[in-house]
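In what follows, chain A forms one complex with chain B and a second complex with chain C.
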Partner chain A sequence: MVLRVDGLEVRYGKLHALRGASLSVAPGETVGVIGETGSGKSTLARAVLGLVPASAGQIVVDGTDVTGLNTRQWRAFRRRGVVQYVFQDPLRSLDPDLTIASSLTEPLRIQGVSFAEAASRARELLKRVSLGPELLDRLPGELSGGQRQRVAVARALIVEPRLVLLDEPVSALDSSNRVRVLELLKQLRDAGTSLLFISHDLGSVAGVADRVAVLYRGEIVEQGPVRDVISRPTHPYTKLLVGSAPTLRSAAADRAARASLRALLTSEGAVS
Partner chain B sequence: MVLRVLRLPTGKIAFAILLVIAALALFGPLLAFQDPLEGGAGILAGPSGAHPLGTDYLGRDVLSRLLAGSRISVLGAAQVTLVAMVVGVIPGILSVYLGSVFEWLTLRLADTLIALPFLVFAVAVTALLGNGIPQAMFTVGIMVSPLFYRVTRAATLAVARSPYVEAAIVSGATIGWVVRKHVWVKVLPPIAVALAHTAGVGFVVVSSLTFLGIGVQPPAPTWGGVLAADLGYLSFRPWAPLLPTALIMATVWACNLLADAIRDVSGEGGKALITAKGVRA
Partner chain C sequence: MSLQLTDVHISAGDREFVHGVSFDLPAGGVVGIVGESGSGKTLTCRAALGILPPGFTVSSGTVSLGGRDTATLSTREWTALRGSTISAVFQDPASYLNPSLTVGSQVAEVLQVKLRLRRRAARDRAVELLDSVRLPDVYRRYPHELSGGMLQRALIATAIAAGPRVLIADEATTALDVTVQSEILDLLADLRDSTGLALVVVSHDLAVVAQLCDEVLVMRDGAVVEQGPVSDVLYAPRHEYTRLLIDEHESYGLDRFLSLDGAALEGAVLEGAVRERAPLEGADHGAAR
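== the complex of A and B ==
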């Protein structure tokens, strides 16, 4: 397993963001994590990256138990380039004062690779995300949103990570750029990189992921192969999710059905 | 960095002015052709061959006083700025990264310095360290440092939790790397503005402290001191404050220009700006 999350709990003060989430990603597998705003999707990714501390549970990344690492150990682990992260907002995930070349090469430079070598790798990666080398000298502000997000993906790939966490990688993009980035992710998956694809949109995950996990109020309520989850959702929230995505079924669930599912969820929420 | 600043017109102008000011500070006291301390017969006289800028209320030659005072004035302002920067900027950046204890301590220290009455503090430091120009300038620098601390901290905070800094951290960057690569360029513009402001404050404060007998002792000349003396006799020589003011203004303005130029060429953004689009004003 490239990633194994076991009974992960994360608290922000009184807020219980994750309550015992368990999840695993096999080598070369793409797992989608679906959930609404505030369900704990990003917290899950940030905990795996060590950006927020876990209050209970275990996270094992590529054989390393990262749950108990101290700052120094985290830094050493991160420099191995096993995990990388692609952020939701391509506008803010690249430093506006750094050229694309500097941003792209940064992960390698942190590892101590020479600039010349890192720059030639950067050129290769730009090609891989179908961008021209002329972008290297530009600033993020001179690129479109789609170009920026592809640069962000390229930056994550430059260290050849075994696992890439994608936090809503296409949510801020228009539909044509969304298709492009999703295509890019498919290529990545086919090349054998494990992906953890976080989104609120079942539609964009369904095309790329092998399995999906549905996160609801900090708990993973349903997990399985994409086809099973879409065709036979068991949890009311998943039903609602599948029902509200008109492209996934010939007919969307009608208003009455959605309302009853919502009511069911609210009563469940009151119990838990 | 210096070469890049010099490629900007603003950088050239700033350098030229500061060069003149530095020359004044170096050679001014030697150029004073009359004793800046010795009074003559005619007091508050207008410009003449013997006194190109007239004389002050004790009959001393104003031009000689300005020339003789330039070294103390410039060095004083520079010292104030330097102290304020070192004492303010470094803790300002570190307060974001070194954990909550350091953050709390420096914040409260800054609050204390802001709340402390300036004169009481100046007198206390003078009593402790002895009366002298370096001590006085050190005091002023400390008193101005909360400005640098606050400005730097605010700019650093804005950058510290941005996704691109997190991206660097996820790749294993150290605090030093993050500060060098990402934070420094963003805190430089506000620091530059505060710096130019402080240099101006420095000139004025030197003269107000002189009034209290702290730091520069009268009758030793300074630009601020000459200005203060001129202001008392406006009805006799209404044009007199113009020259000391012009000197102080030119210095502060040049500091401002230089600060802008440094900001423009800082970081990759500045480099790309210059190489991609030619020189920009």
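== the complex of A and C ==
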């Protein structure tokens, strides 16, 4: 497994953001995590990147148990470039003061790759995300949102990571850029990169992921192959989620079905 | 006719931004307007509400409300009609509520001003209205204590407080999670069924409009490129832009799973819902359809 998360709990003071989440990503597999506001999805991303400590459970990345690593050990682990990340706002994964060339080559330079080789890899990666070499000398602020997000993906790939974690990578993009980035993710998947794709939007994840996990109130309430989860959801929240998706051919649940699912979830929430 | 637009053009100076929009919205009817930002959909709504931005005018065509040409209305008459005949909710509900007043007092204020209710009566009616949008127990809460979906429901309660015949929902669910979006759209459909409220639903998302509307207008660059009954527009789109919107949905919405497994899904969702139905308030509110 490239990633194994087992019984992960994260608390912020009294708030129980994750209540025992378990999931795994096999080599070459793309796993989608669906979660809406307050589900704990960003906490999951942060925990996997070592940005928030786990209160219980275990995270194993490419054979290394990272759960108990201290700050210095984390830094050393990150330097190996095993996991890379892409966030919703590419300005968060790209340094606004560095040119695109520097952002792309920095992770390689840290690993001791020569300047010439790093520069040639940078050009190659830009090409792979369908951007021209003329962007190398620009700053992130001089690019469109869609271009920036593709640069962020290129930066994540340049060290040939075992796993790329994407937290809402297309949510801030307009529809044509969203389609381009999703197409790019599909190409990565087909080329064998392992992806953990976290999003509130079942539709964008469904087109890319092999398997999908549904995160609701800090727990993974359902997971399985995309088609099974969408066509035969078992948990009431997943049913509501699928039945709420606006579709053109109105095959989704009707008002009465949604109303009873909401009532059921409210009553469960009141109990727990 | 509750609301009727006849070849409405909207201009600012010598530049025209909306090049002719027409639709008839009967009581209990639902018209959808789809388009991206800059398509003229919001300007069209603002013309219907009589709140065009400064400098913008309806340069030709007519907007009539309850059979009256709104061009003949004085500012005072417009103010009287807004809220009591036509009303609206927009994206970003938080910005339309005063953060330092309780949600209930803001609904009650509308009733005191628009319906001249006394304080006590206004408060009782406000509680009823909040109940009707499934927000019991929020009268004394402040806006920051409510989620985005709850705020939008509170705004809907405020918008329908004075009993309008037409409600415009302009991107009212755009910033919300999909399960919250469906809750708002279901609420609007319930209100239409129970009170005959006519709706204008405006969205950049064709599927949101398709859920609810009888007739749909597709706008681009200020022009209506396609208009007709929802089923015609979705199943036999004539304009290239409409086809583009549909293709996009089919490649990246859930439709491709649902069109194959749709029957199975509906069965699964309904069967599960019936089996697990909890005897709770609100559990049956959609059954009256």
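What we mean here is this: the second predicted complex is superposed on the first by the 266 of 272 C-alpha atoms of A that agree within 3 Å, B and C clash if a C-alpha of one lies under 4 Å from a C-alpha of the other, contacts with A are read in each partner's own complex, and residues count from 1 in each chain.
In this text, a contact is a pair of C-beta atoms (placed from the backbone, for glycine too) under 8 Å apart; a residue touches a chain by one contact, two chains touch by 3 or more.
Worth saying up front: this structure is predicted, and the values here are computed from it rather than measured.
When both complexes are superposed on chain A, chain B and chain C end up sitting side by side without clashing. Contacts of A:Thr99 after superposition: chain B is touched, whereas chain C is not reached. Using the contact criterion defined above for the overlaid structures, shared-chain residue A:Arg258 touches chain C, although it does not reach chain B.
Applying the stated contact rule after C-alpha superposition, one finds that A:Lys127 touches neither chain B nor chain C. In the superposition on chain A, A:Leu51 contacts chain B only, with no contact to chain C. In the overlay built on the shared chain, the residue A:Asp137 is in contact with chain B alone; chain C does not reach it. Annotation: apex chain A, arms to chain B and chain C, angle 90° (C-alpha centres, rounded to a multiple of 10).
In the superposed three-chain model, the partner touching more residues of chain A is C, compared with the other of chain B and chain C. Within the superposed three-chain model, A:Arg75 lies in touch with chain B and out of touch with chain C [touch as defined at top]. When the two structures are aligned on the shared chain, A:Ile230 is found in touch with chain C, with no touch to chain B.
Between chain B and chain C, the smallest C-alpha to C-alpha distance in the superposed model amounts to 22 Å. Taken together, the chain A residues at the contact with chain C in this complex read 36-37, 175, 178-179, 182, 200-204, 206-207, 226-227, 230-234, 236-237, 239-264, 266-267.
For chain A in complex with chain B, the touching residues are 49, 51, 75-81, 83-85, 87, 89, 92-99, 102-103, 106-107, 110-111, 137-139, 152, 155, 159. By the touch criterion stated above, chain C contacts chain A in their complex at residues 147-148, 177-183, 186, 189-190, 205-208, 210-211, 234, 246, 248-255, 257-266, 268-270, 272-274, 276-278, 280-287, 289. Every residue of chain B that touches chain A in the complex is listed here, in rising order: 162-164, 166-174, 177, 181-182, 185-186, 266-272, 275-276.
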